[in-house]
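Two complexes follow with chain A in common, the first pairing it with chain B and the second with chain C.
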Partner chain A sequence: MATLKLTALEKTYPNGHRALHGIDLEIDDGEMVVVVGPSGCGKSTLLRCLAGLETISSGELAIAGQRVNELEPAARDIAMVFQNYALYPHMSVADNMGYALKNRGVPKPERRRRVAETASLLGLEALLERKPGQLSGGQRQRVAMGRAIVREPRVFLFDEPLSNLDAALRVQMRLEIRRLQKRLGITSVYVTHDQVEAMTLADRLVIMNGGRIEQVGTPLELYARPRTRFVAGFIGSPAMNFLEARVKDGEIIVGDGSVLAPAADIQGSIAVGIRPEHLRVVDAGEADLTARVEMLEPLGADTLAYCRVSGLSLPLVIRLDGGAALAEGQTLAVKLPLSRLHLFDLDSGERLPWHSPETSIV
Partner chain B sequence: MRYRRPALDWLSHGLLLLCVVAFCLPVWMALTASTHTQTALYTGTAPLWFGGEGLSNFIGVLTAPMDRLGASAARLLWNSTVMALGIAVGKIAISILAAYAIVFFRFPLRRTCFWLIFITLMLPIEVRIMPTYKVAADLNLLNSYIGLILPLIASATATFLFRQFYLTVPNELLEAARVDGAGPWRFLRDILLPLSKTNIAALFVIMFLYGWNQYLWPLLITTDDHYLTTVVSLKRISAASDELIPWQEVMATTLLAMLPPVAVIVVLQRFFVKGLVDSEK
Partner chain C sequence: MTTFDNHRVTPWILLAPQLLVVAVFFFWPAFQALQQAFYVEDPFGLGRSFVWFDNFTRVLASPEYHRALGVTVAVGVGVAVGAMALALLLAVLADRVIRGARVYRSLLIWPYAVAPAVAGVLWMFLFDPGLGIVSHLLAGVGVRWDHHLHGDQALALVIIASIWKQMSYNFVFFLAGLQAIPRSLLEAAAIDAAGPWRRFWSITFPLLSPTTFFLLVMNSVYAFFETFGTIDATTAGGPGGATRTLVYKVYEDGVIGYDLGSSAAQSVILMLLVGLLTLIQFRYVERRVQY
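Let's look at the complex of A and B:
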């Protein structure tokens, strides 16, 4: 168990590609940090730098206050769960789990005891003599976890460990990973591209884009106050709507000219973000926008309505109650609650400081 | 074949049987000839059935030094086995290490090294026999097992085969091993070697046969009958100019010479199939 500290961590590949542009991050003891981002954002590189599988070009990585840049993976006392599990195909489950202990010179009786303990923690007792080839995907995943746990490392690293599983199993394993991590209290870094996985697992989320950290925070912080348009679009499913808007004479104007709200100190073109679940369908009199339903996606509990609003290039997605009577081609009167609006600069994508009149009045 | 045609079945089976006979007849003739006396073989037609001297012929060639050879068949078989085993094991060991270095280590001129090894395919022993002989002579390797084995021990084919196999080993396996604290030596021993079991078995069969069947090199480098190999000796005992060839001895030695390769194939083929069925990769 340990803290993790990354200071101005950079990675430049020999071919000149710069994968990480100065990452600063502190991870507390026992914390579960999930690194999430689109493919190519550098999240896997970051994890591999932590593991010691990639060299760090500059900056410092410290585990428990001790610089480990130059240490071999095994010497860093970390354990890693790989995307494709990377189990040794010719070894039994027990040997797979005990291999790291064997390499460290742990005597056989203790090795056997620790493997048995971990196996019972994960429900693998019956499978110890099998080879990985004889296991199902979920079982292999569990063995890969077991191989990491049995070493009692200071840090767990997870590299998209659930992406090879089917949807139902993924949900189940997600819960199990969370439960185990809480119970063992081992500092963990978890990399994924799946934002639902990220939201549900994380104590804190790290959103990466283009080799940089966009924002760090708890899942709900990120959901409520995304610092950039990128984060806003990445967190939440279905993704946030962005409406082109301009500020004229101190008022935000959307689409064909509907006035949304006053905005005192903002100028020019902006993007107004609002989540599908925050849009409200109201009587025609109160409406900010009129939207024509183009397509419906009934999900049971909810229905997603993809609507066309005149003057807006992108469709507007509205999340409605599953019981609502809707038809394609229907028009909806939509209200945008001011307290739920996020304003972003169109060029930089940065969040614009803006206090909605609704909250400021209250 | 999707549809049945009895005539076609008969024809194909007939052809297959013909091939079987064509392959087996020489062996059968050798087997029967080895059980006759020399006189019986030189009077009358070639016998296709067993004679009465089987056991004594075999015991004779195995125990006593043969005419013109100064070595018994037991000696010949031993020499051939040592040479074939040495070549097979040596080739496999060297090519595993070479392929391991080429695939898993980053060093300058790695690619060049690979291609240098690869083009030695164009330099079999027959092409480089003079310089190789000179080197072996300078190193005092004439008339020794090392001299028989060492010049034949490098194999571009085997290196290439192992390289191709290692390239298919997922990178994560290497990384998992590194995280688990396995250094290069342990990774090779604990992970790579067990995974290449089937390849090793297959190569061993091929290389053992290659070593067993060597003729030109042993002929050149050994002059002492103590190091005479089976294949070389067969030519010598059957090439007499002024006396009768002891065909019964030639045939008995030939049959004995077939046994070790056959044994290697039979034993390792099981391994082979097991490796294929298990499909551990």
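Let's look at the complex of A and C:
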């Protein structure tokens, strides 16, 4: 068990591609940090740098306060779960799990005991003699976990470990990983592109974009106060709505001229963000906007309404109760609760400081 | 019904070219050899007499035949092990090359395009006691190389030339096999504290075993049959039969010695031997192969 400290970590590939632009991050002992971002954002590179599978171009990586930049993967005392599991196909489950112990010179009886212990923790006892080829996807995933756990490493690294599983199994394994990580209390870094997975697993989330960290925080912090428009759009499903707006004479004006709220210190064009679940359908008198329903997506508990608002280029997505009586082509009177608005600079995408007249619920 | 009938005929028509080639160049000669093995025939083909198994018993009892068998085993083991080990080494090295990999690999594949006789002559010149560069260098370290005189040196020359020729073929397969091993397995092994040496023997090598097994069969067949061209060009079976393999003896006895009955009997035995060897390889070695 250990802390992890990344200081101005950079990775530039020999072909000149700069994958990481100075990553600063501190991870506490026993913490589960999930790194999430779109493909190509550098999250996998970051993980591979932590593992020692890629060399670090500059900056420092410290595990438990000790610099490990120059250490081989084996010497860093980390364990990694790969996306394709990377189980050794010619070895039995027991040999797969015991391989790292064998290489570290752990005597056979102890090796056997530890493998058996881990197997019972994961419900793999019956499968120990099988080859990976004879296992289902979920079982392979579990063996990959077992191989990481059996070593009792200081740090766990997960590289999109659930992306090869079907949806139902993914939810189940997600819970299992969380349960195991809590129980073992091993510092973990988990990389994924799936924001639901990220939200549910993380003690803290790291949002990456273009080789940089956009924001670090607990899932709910990021949901409630995204620091940039990128984070706002990335966290939450369905994604946040962004409305083009301008501030004139201290008032926010959206689309074809509806005045939304006073805004004292802001000038020019901005983007107003509001989540689909925070929009409210009201009586015509209280409405801020009228929206015409173009398409409905009934999800059972909720229905997503994709609406067109005059003066706005992007469709507005509203999350409504699944029981609501709706029809395509209908017009809705929509209210934007001021406490739920997020304002972003249109150019930089930075969050604009703004205190809504209503009390903020964070 | 016509379409049904057509479908019964079509496969045969499609197979016909291949079947024709196999029939003319394998089954017919094989049958001829089998038939001839039971006759003694005069060199001019004017008369022959049926002798039952006399040809076989004579061949099997002859010390020359035993010696040729020994030479064949030496060439077979030497070539198969040498060509595969070197090819694997080169493939592992080539697999790591990042810059100019394509050029490097193409160059390693070239020897396969060289005809066996040309390869043989090439090596003969390199090792020629009077002109050869290698023999000159060997003389520098005190080795007197003359494969015209020393049987073991002639055997070594044949094996070296055959290895050089076959290595490219093996290299191509080993390289393809290596590249089919997922990178993440070796990365996982590195994290699991396996050094490069152990990584190779406990992960890479077992995963290559289907390729290795296939090449073992191919190399044995190569060493038994296709080294003929190399031997004929370099040593012609000499000196004193030191490089006379079973195949070369079949040629010597039949084509040069005109003892067609004995030659045919030998080729039948050789056919059985290679068949048996392949069978053993498939039955016993394949079980250990990790697919």
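Operating definition for what follows: the second predicted complex is superposed on the first by the 359 of 362 C-alpha atoms of A that agree within 3 Å, B and C clash if a C-alpha of one lies under 4 Å from a C-alpha of the other, contacts with A are read in each partner's own complex, and residues count from 1 in each chain.
Keep in mind that, in the parts below, contacts are C-beta pairs under 8 Å (C-beta built on N, C-alpha and C of every residue); 3 or more make two chains touch, one makes a residue touch a chain.
Fair warning: this is a prediction, and the values are worked out from it, not measured in the lab.
Asks: If chain A is used to align the two complexes, do chain B and chain C fit next to each other or clash?
Replies: With chain A as the common anchor, chain B and chain C collide in the superposed model.
Asks: Considering only the touch criterion stated at the top, classify A:P262 as touching first (chain B), second (chain C), both, or neither.
Replies: neither
Asks: Just chain B (first), just chain C (second), both, or neither: which does A:N103 touch?
Replies: Touch status of A:N103: both partners.
Asks: Quick check for you: in the superposed arrangement, does A:A51 touch first (chain B), second (chain C), both or neither?
Replies: Touch partners of A:A51: chain B and chain C.
Asks: Now for A:Y88: first (chain B), second (chain C), both, or neither, which partner does it touch?
Replies: After superposing on A, A:Y88 lies in contact with both chain B and chain C.
Asks: State whether A:G210 touches chain B only (first), chain C only (second), both chains, or neither.
Replies: neither
Asks: Could you tell me if A:G59 is touching chain B, chain C, both of them or neither one (first, second, both, neither)?
Replies: In the superposition, A:G59 contacts neither chain B nor chain C.
Asks: Considering only touches as defined above, state whether A:G22 meets chain B (first), chain C (second), both or neither.
Replies: Neither chain B nor chain C is touched by A:G22.
Asks: Both chain B and chain C touch chain A; at which residues?
Replies: 51-53, 72-74, 78-80, 82-84, 86, 88-90, 99-100, 103-104, 147
Asks: Provide the residue numbers of chain A that touch chain C in the complex, in ascending order.
Replies: 51-53, 72-74, 78-80, 82-84, 86, 88-90, 99-100, 103-104, 147, 151
Asks: Provide the residue numbers of chain A that touch chain B in the complex, in ascending order.
Replies: It comes out as residues 51-53, 72-74, 78-80, 82-84, 86-91, 99-100, 103-104, 131, 133, 147.
Asks: Under the touch definition given earlier, write down the residues of chain B that touch chain A in their complex.
Replies: Contacts found on chain B: 170, 172-173, 175-182, 186, 190-191, 194-195, 197, 278-281.
Asks: If we count contacts the way the header does, which residues on chain C are in touch with chain A in the complex?
Replies: Contact set of chain C toward chain A: 182, 184-185, 187-195, 198, 202-203, 206-207, 209, 290.
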